[in-house]
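Starting off with a structure, shown below.
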Amino acid sequence: MSITTLFENYSEFRHRHPDGDVPHNPYKWAMAIDLDACSGCNACAVACYAENNLPVVGREKFANGQVMHWMRIERYWDHDGSEFPERGARYLPMLCQQCEAAPCETVCPVGATNHTPDGLNSQIYNRCIGSRYCSSNCPYKVRYFNWWDYPSTDNVWPAEMNMQLNPDVTVRGKGVMEKCTFCIQRIRGAESDAKTQGRLVRDDGELQTACQQACPTSAISFGNLVDPESRVHKQWMAQQVELNKHEQAKDEEPGGSDLRGYRVYEWLAPYPSIMYLERVRETEI
Amino acid sequence: MHSFLRLSLLLLGFFVAGISYAADTPQSNPVDPGVDGSAIDKAARQKSDSGGSAFSDWITKYWAEGPDNIGPAVKQPIEFPHFRHAGDHDKGGMEINCMYCHTYARRSLVAGIPPVQKCIGCHQSIDEVRNKPRIKKLFAYWDAKKSIPWKKVHDLPDFVRFSHERHIQRFVFQLNRPVQEVCGYCHGNVKTMTVARRQKLLSMGFCVTCHEIKHPVTAPGGIPIGNQAYWYSMRKPVIDASGILKAQGPNDCSVCHK
Amino acid sequence: MMNSEFDRRDFLKVLGWGGTAVALTGCGNGMVESGKETVVSYVETKDYMIPSVSVYFNSTCAQCDAGCSITGRIREGRVLKLEGNPESAINRGKTCGLGQAGVQNHYNPDRVRAPLLRTGNTGEAITWEKAYALIDEKLKGVSGNEVAFLTGGMSGHTKVLMGNYMDSLGSKNHFVYEAIGPAVVRAANKKSYGVEMPRFNIGKARVVLSFGADFLGAWVSPVNFSQQYAQFRKGSGGHQRGVLIQVESKMTITGANADRWLAVRPGTEGILALGIINALGAHGVSIPGDIAAAVKTYDKDRVSNDTGVSAEQIDKIAAILKERTPSLVLAGSAAEGYAHGSQNAAAINLLNHVLGNVGKTIEAAAIVPFPQMAPLTGNTAALKALNDGLAAGKYKVLFSYGSNPVFTSPAAMKYKDNMAKADFKVVFAQYLDETALQADLVLPLDSALEDWGTQVPEYMAGNAQINIRQPLMEKLHADTRGMGDILLTLIKQRRAAEYKPFDDYYGYLRAAVLQNKAALGGANQPDNDIFWNETLSKGIIKFEGAKHASLSVKSGAAGLTLPAPSAADAEYPLQLIPHVNANLRDGRNTNQPWLQESPDPLTTIVWDSWIEIHPKKAAELGIVEGDIVEVTSKSGSLKVQAYIFPGIHPDAVSIPLGRGHEAMGRYAKGYGVNPFQILDMIYDKETGELALHETRVKISRTGNRVIVVKDEGPVGGNQEGQKIVPEMLTNKVNLSKEI
Amino acid sequence: MKDIREDIAWAKINTDVLKSLENPRKLYWVILFIAVAVFGVGVGCEVYQYNMGLGVGNFDNPHMWGLYIATFIFWIGMSHSGTLLSAILHIMHADWRKPIYRFAEAMTTFSLMTAGLFVAVHLGRIWQIYFALPYPNMRQVWPNFQSPLLWDAMAIFTYLSSSILFLYVGMIPDLAICRDNMHSGWRKKLYAVLSLGWEGTDRQWRNFRMTYLTIACFLIPLAVSVHSIVSTDFAASQQPGWHITSFPPYFVAGALYSGCAAIITLFIILRYVFKFEEYMTKSILKKVARLTFAIAMVWTYLKWVEFAQAWFGHNAHDQHLLIEKATGTYAPFWWMMNFCASVVPFMLVFKRFQTNIPVLFAVSLLLNLGMWLERFMIVAPTFADGFYPWTWDHNQWPSLVQWGIVFGSFGWFAILFMLFCKIFPSVSMYEVKEMVYHRSLETKKLQALQAAGELAAAGKGAH
C-alpha cells in the first residue's frame, strides 16, 4: 500500500466487522458445530494435522504445553458432585473462532494477522515477527506459536514423512504464530475456480474444511454465511444467532430460549464466526 | 562543526523525502487495463512502464537488485531462443502463442515448462534445423528420456503463491487482451529475448501497485465481466463517470500468502 | 480420468520420484531469485498431469478392518491426504482419525526396506530372489502339517490366494488371529440371530441400550456407526432425538456421549440385561414363557444388588424401552471379555428378541456373492491353538502376517518362547515389530497405499460391496512387495503351471475381476479395459440387490446361566479393564505420530499409558494424579502413571491397549506400558476366547510421581461457571426439525 | 544539615570530580570483568535461544510472555527517574538535584538501552524486527498503527534518542572542563570532539541554557507518554488483570518509584566509590528518600485502585484472577511484591533511616526487587489464569535461559554505567559550582537578613 493509500483509506482498510456500508460480499465464511452430534472422536483434529502441515511435537514438548493442534477437542465434566458422570462428558472442538472484531488483529504490531474481505482472520506467516501479542489477547487461546524450529527438529518430518507435506500450505519455521485458517488454501482454491467459471462457490460440498470433511458425525457445517441458500446461513437463521451482535435477542426472552445456538464468549463482542449448537440430554432416563 | 551537522541533517532530510516519494510512487506496472484491448492508451502504457520518476525508480530498483534493473542472465542447459518461437514474423519469429508451450498457465498456479515431448513433437518434422547444435542437444535429452534441467528465471520466495491461472483467465479470456501483452505485464517483452531474463521487480510492491488500481468489473451497460460483478478487495467498488463499476484486485494478504 | 491401464501405471512411474520437492519453510526473508533452482519438467506427460493441480484416486483404507473407502489426493506424484469416498455405504465420505493417519503408515520412516535374514542378532539385507529361494529350500522335506501360517483377518483375493497356497503346501494350519476382535459377540450373534455380524440399524432406533459396545470408538465399524449415531440423535420420521444408554464399567467415548451412563459392576452386564427383561415383563411387555422363566429370579432388588445399578434406574430403562420402539440393544467388548462372556452376550441379545428388534433395527447384512472372498475373521482361540502347537514342537516352519502376537498375547502364554521352537520363522511385516524381531526372515511389505488388493468388509452397512485397493503412488521403497505378489510367487514355487499366466498380483487381480465381469456389474460393458478402469476409478464394486443372510427371529433362554458377581478378592481386589483406544487399537498403529499425539478422548493423555482409578478408590489408596503405581496381577506386574477418572467403577481400573512397544520404530518404542503382558490366561468357557477383562489386579504406590502429559489443564475439564459448553436438559426437543 | 557546603572552592570541585576519571583501581577491573562475564552469560543464552527458538525459554501456550516483558517494563520504569531528577526538578528549580542528576540521567539512558534489548530478545523472529517500524519499503506494507506495541517501539526509540541528547547536551560544559584539564591521550581528543568547541562565552551559555530547557520540557511529556504507552500494551488488551483503565498512571508512578529506588542504590555506591561525600551529601539523600516515600505511597494507592477495580468491577474473570494471585501458584511472589513495594517504604518515614546509609541501601534493593516482582505479577498470572479455563496452566516456569538473559541484562547495564563513570564526569561540575555559588549567595542574603533582623530586633521591630 502506498503512503497515499495508507492515509486515505486506513479506517476503511481496517474495517471492524461488516456493517451497512461495507457488507461481506460475496462471501463470509462461517461455521456451525453441533455439539449434540459431536462425539469427541478427534478425527477432525487428525485431519487438520494432515491438511495443514502441523508438526507433531512429541512427548516432552507436549508436556511443556507447546503442542500445535489447531483444533483441540476439549472434554468437560459436569462437576455436580455425583459419584459418576452419569450424563457422559461434554465435548467441544475449539479452534480459531475467526472473530469479526478479532482481539488479535488490532494488537499485532506488524499487521500479520488481519481481516480478509471474505470474513476470515488471516495469519500471514512471513510477515509475523513473533511478538505473540495476538495470542496474549486471544480469549480462546487458540493461537499456537512455533517455539521451536519444527522443520529441522528430529522426528518431526524425517525423510519420507516430509513427502506428505501439503504444498499449498506454508511450513512454518521457528518464531511465527499460527492458527486455524478455516483451510484457507481450500477456500482460495474454490474461490479461484468459481471465479474462473464465472459463478460463486457452491454449497454442495465443493468447498469443505478438512475437519468438516472428516467428521464422522457430520457435526461440522461450513459455508458462506451471506448466501441465503447455504446450510450455514439457514442454521444461523434458525438458531437466531446474528453475526454482529454480542447479545442475541433470543437470550433476552423470559425463561430462556429453546434454541441451541450460541457462541463462546459472545459477550466479549469479538463476534466469532463459529456458532455452536448446545448438546442435549434426555431427562426421562 | 556546526555547518557539518547542518549539512548532514539536510542531506538526511532529502534522503528520507526521496525514499518516501519513491515508495509512494507506483513502480513499473502495467496500465490499468480497459474493458477490451482497444481501450489501451499506448502513451499511458509507456509512461506507466517507465514508472513514476527516474529518481524513485532508481532508488527502488537499486534496493531490489543493485544497479542493474534486469535480473541476472541465467545460464540454461539449452539456450532457448524465445524470439524465434514467439517473435514477430517480420523479425524472423513464428508468433507462437505463449500458452502453446507454457500450457499449464491457464489452469494451474504455475505456467510450467513444456515436456520434452512437446519440443520433439514439432522438431521431429522440421528437418532444416535438425542438425543445429541446440536441436541436437534437445534430441540427446529426448533419446536419453531425460528431462532438461531448466533453471528458474522467475523464482518467487516459497511463501508466495502466485496464480498464473487467475491472471490468464481474467486478462486473456475475460478481457480479451493479447496473450503476449498479458504475459508481458510481469515477464516483459519475452518475444525479443533469447533466454528469458527477469524484467520486472516482482517485489511485493510491484504486485500491490497493480492490485490497488481499480479495475473494471462491468462492461459499459453494467454487464458483469465474466459474470463477476463482485469484488474481493478491502474497498468498495466505485462507478466511474462512464458507468463502469470498478473494483480493486484481490488485495488481502492471504491471497498469496497461506 | 484415466484412459487406459497403461496411462495409470505410467503416471505413477513418471511422477513417483519426479516431484519429491516438498514445501519448504516459508518464513525466511525471501527475495526473488533467478537461476538458482531447477524446474522439474516431464519428458512425456499425460493430459491430466498438471503441476500444482491435484488428482484423486479411490482406494480402501487399511488402518482397521472396517473397510472404509478412501479417496487419495495426489499431487506431483505424492499422496498427500486421504478423504472418505462418498460412494461407499460404509463410510459415506467420512473418515476417522485412524484413517486420516493412513498416510503416516505409508511414509513412516521406520519401514523395513529390504528382506532381512537373521544372522545372529542382526538382520542382513538380502535380495528377494534369495529370500524366495530360502523359503523354498526350508519347505523342502517339511510336511504340510509342520507348516503353520498365522495371519490377521483376511478377505478378498488375498484370502483366496492364501487358501490356495495352504492347499499347495498341503497344510490346514492357517490360524487367523485378532487380538481384540469381537469374537465372542460373533459367536453369540450366530446363536441368537443366525448370523455372526448382522446390520445394526442405529439410525432407525429410538433408544440404543449398549452394553459396553464402543460403537463410536473402536467397535466393528465406527465410522458407519458414527454417521448412524448422528442420524439417531437428530431423530427420524418425526420422532424426537434418540436416547443412548450405555452400560459399562469403564467409560468409553460412546459412554461419554450417552444420555445415561451406568457404571455397572464388572462382569454383571448379563445380569442387568436379564433384570431389564424381568422389569419389562413387569411393565407389561409380553415375554415368551421360557425367557420369563429364566429371568424370574432376576428381580429388581437382586439385580440392583448384583450390578450396582439402582432399581429405580432399571425401571426407568424398562419404561423407556417399552415406550419408544424400535430400540436396539448392543453387546460389546466390555460384556464379552469375561469367562462368562458368551453368556453375557447371549443374555443381552435376548433383550433384542424380547423387544422385537430383530428384523427391525437388527437386520440381515447383504452378502457378497463370492463366498470364497468372504472375510475370515480372527480370534484369540486360534492363537492359543497355534501356541499350543508351537509349544509341542509341532511346527517347523512358521509364517506370520498381519498380526503381532508377541506384543498382543499375554506374557504368561509364552508365545515368544514357543515361537522360537519353530525352525524357520518368516514374518511379513511393514515394520520391525516385536514379532518380526523374533523371525529368521523378515519380508518387507508394501504399505496399503502402494499395494493392490480387494477387500470384503465384515460389517456390510448397505448393499454388498467389494472394496478395491490400488496404489495411490509409486512405491516409496524399491524393495518392498505386496502380500499378494509374495503369495503369488510362493504359490508359483509349488504350482508354477497353474499360475503361469499371471505376471504379478495386479495381473491376477485384473484377470480375476474381468473373468467375473458380468457378475461384477460389467455385463453391459464390452470393453475389458474400460470396465477395469471404471472399476478402479470407483474403488468399489457394488452388488445392487445382493441377497441377504436370513435372521433367526426366535431365540430361547436355553442354557443361559450367569454366574453371580465375583466375590471380593482380598489379594487382587480390582478388575483390570484393558480398554481399546479408537486410535491405537491393538498397537499396530502406535507408530503413527498423529495418533500418538492425538489426545485420548476421555483423559486427554498423549504419548503415554495410564491407569484410570475412580476418585473414591484413589482417595482410599492415597493415590493422586501422576503417582506411579505398580499394577500386579497373578501373571505379572507393570508400573504406570495414575489418572484419577470419575468414569470408572470403583472396583475396576483401566489401562489402554496399544502402547508399550519395545520395537516398531521411533514413534512407538518406549512410550507407555503394554497391559497385554499382565493378563491372566482365562478363557471364555464357550468359545475359548481369551477373556480380556477377567484379570484381577492390585495396585500400590511406588512413591514416584510425574506430571501427566495431557491436553486438559489443571482444572480438569471444569468450566469454572462459564458458559463454554452449556447443556440443554429436555426430553422435548425435536432436532429433526432443525436444519 | 546542608545540601552542600558553600565554601567549596571551584578548583576543588574540578579536581574532585576529575579524580573519578583517573585510571581505575584494580577492583574496578575485577568488577567490570564480572559485569562482562554476566553479560556474556546473557549473550550466550540469547545466541542459544536465537538458534533453537524461543522454546528454550520454556514458554508455552498460554504462557506467551515471560520474564522478558516483565524485565522490559522494569528497565523502562527505571529509566524514568533520570528524567524526573534532571528535567522535572530542573524546571521546578529544585537545585539539590544538581550533584546527582548526571548519573541519574546516565542511568535513564542505559536502562533504556537495556530495555530496548528486551524488545528484541522477546521476539520470535528477532531478525525481522524492522518489520515493526514504519518506513517506506519494497513490499509497500505498513505496520499496524493500531497496535500499542508499535507505538511502544516508537516511543522507546524517541525517548532513548532524546535522553541521549539530553545527557549529552547537559554534559557539554563539563566536557570542555575535561578537555582543558587533559593534556594528551585519546581522552583529550574525545573530549575535544565532544565538547563541540565550548568556550563558555556568554552567547554559548545563553544558547546552552535555552537548548537544555527546551529538551527538558520536551522530555517530560515524553517520559510520561512512554510508560503510559507501555501500560497500554496491557490496558488496551481484553485480558483479565490487564484491561484496567488506571494502568497508565499506575505504570508511570511505578516507573518513578523504581527509578528513585535505583537512584538511592547508585547514589550510595558512587558516593562511596568516588568519595563524593561532599557533593552527594546525606542531606540530598534524605530528600531523595522522602521523594521515594511519597511516590511509593502514590503507587500503593494506585495499586489499591487496581485491586478495587478488579474486585468491584463485577467481572468474574478479574475477581478470579485477583484471588488466584493472592492464593494460587504465584501467591508467594505476589505477597512478597506487596511487602517489598508497599510495606518496606515505611522504613523511609523514620528520620534516622533517611540518612542511615546501610539501611537505605538495603531498602532500595528491596524496593527494586518489589518493583520487579510487581511487573512479573502483572505479566504472568494473566497468562496462567486468563479467560479460558481449559488452557489454564500453573506448571510453567521460566527456564534458566530466560533467567540467564535477565541476569545478563544487569551485566550489560553495569558495563555501560561503569564505563560511563570512568569516561564522563558523573557529577555535573558546572552545576555544582552554580549550586555552591547560589547557596553561598543565599547564605549571605540570609546572613544579611539575619543581621538586619537582629538589628530590627534590637531596634524593637522595624515593621
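Letters are used for the chains, namely A, B, C and D, taken in the order the chains are written, and counting of residues starts over at 1 for each.
Throughout what follows, a residue touches a chain if its C-beta (ideal position, glycine included) is under 8 Å from a C-beta of that chain, and two chains touch if they have at least 3 such contacts.
Given the structure is predicted, the values throughout are model-derived calculations rather than measurements.
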{"item": "Chain pair that, of all pairs, has the most C-beta pairs in contact", "value": "A-C"}
{"item": "Chain at the geometric heart of the assembly (C-alpha centres)", "value": "A"}
{"item": "Length of the line joining the C-alpha centres of subunit C and subunit D, rounded to whole Å", "value": "66"}
{"item": "Rounded Å distance, subunit A centre to subunit D centre (Cα mean)", "value": "44"}
{"item": "Subunit B and subunit D: spacing of chain centres that average the CA atoms, whole Å", "value": "55"}
{"item": "Centre-of-Cα separation between subunit B and subunit A, whole angstrom", "value": "35"}
{"item": "Contacts with 2+ other chains: residues of subunit D", "value": "125, 128, 136, 140-141, 388, 390-391, 393"}
{"item": "For subunit B, residues that touch 2 or more chains besides their own", "value": "20, 23-24, 64, 157-159, 201, 203, 208-209, 257"}
{"item": "Multi-chain contact residues (two or more partners), subunit C", "value": "23-28, 30, 52, 707, 712, 717-719, 724"}
{"item": "Arrangement of touching chains [line / ring / star / complete / other]", "value": "complete"}
{"item": "Interface residues, subunit D side, partner subunit B - complex", "value": "135-141, 196-197"}
{"item": "Subunit A partner contacts - residues on subunit D that touch it in the complex", "value": "52-55, 58-65, 122-126, 128-129, 131-132, 136, 140-150, 152-153, 233, 236-239, 382-383, 386-388, 390-391, 393, 396"}
{"item": "Residues of subunit A touching subunit B in the complex", "value": "1-5, 9, 12-13, 15, 21-22, 25-26, 114-118, 120, 122, 124-127, 168-170, 181, 184-185, 188, 191-192, 195-196, 198-200"}
{"item": "Subunit A contact footprint on subunit C (complex, rising order)", "value": "20, 22-28, 30, 52, 75-76, 78-84, 91, 93-101, 103-104, 107-109, 216-217, 222-223, 226-227, 229-230, 233-234, 241, 243, 245-246, 251, 253-263, 316-317, 320, 476, 582-583, 593-599, 601-602, 604, 606-608, 616, 646-647, 666-667, 671, 707, 709, 711-712, 716-719, 723-733, 735, 738-739"}
{"item": "Subunit D contact footprint on subunit A (complex, rising order)", "value": "1-3, 6, 10, 14, 61, 64-67, 72, 74, 94, 103, 106-111, 114, 127-133, 135-137, 139-141, 143-149, 174-177, 265, 268"}
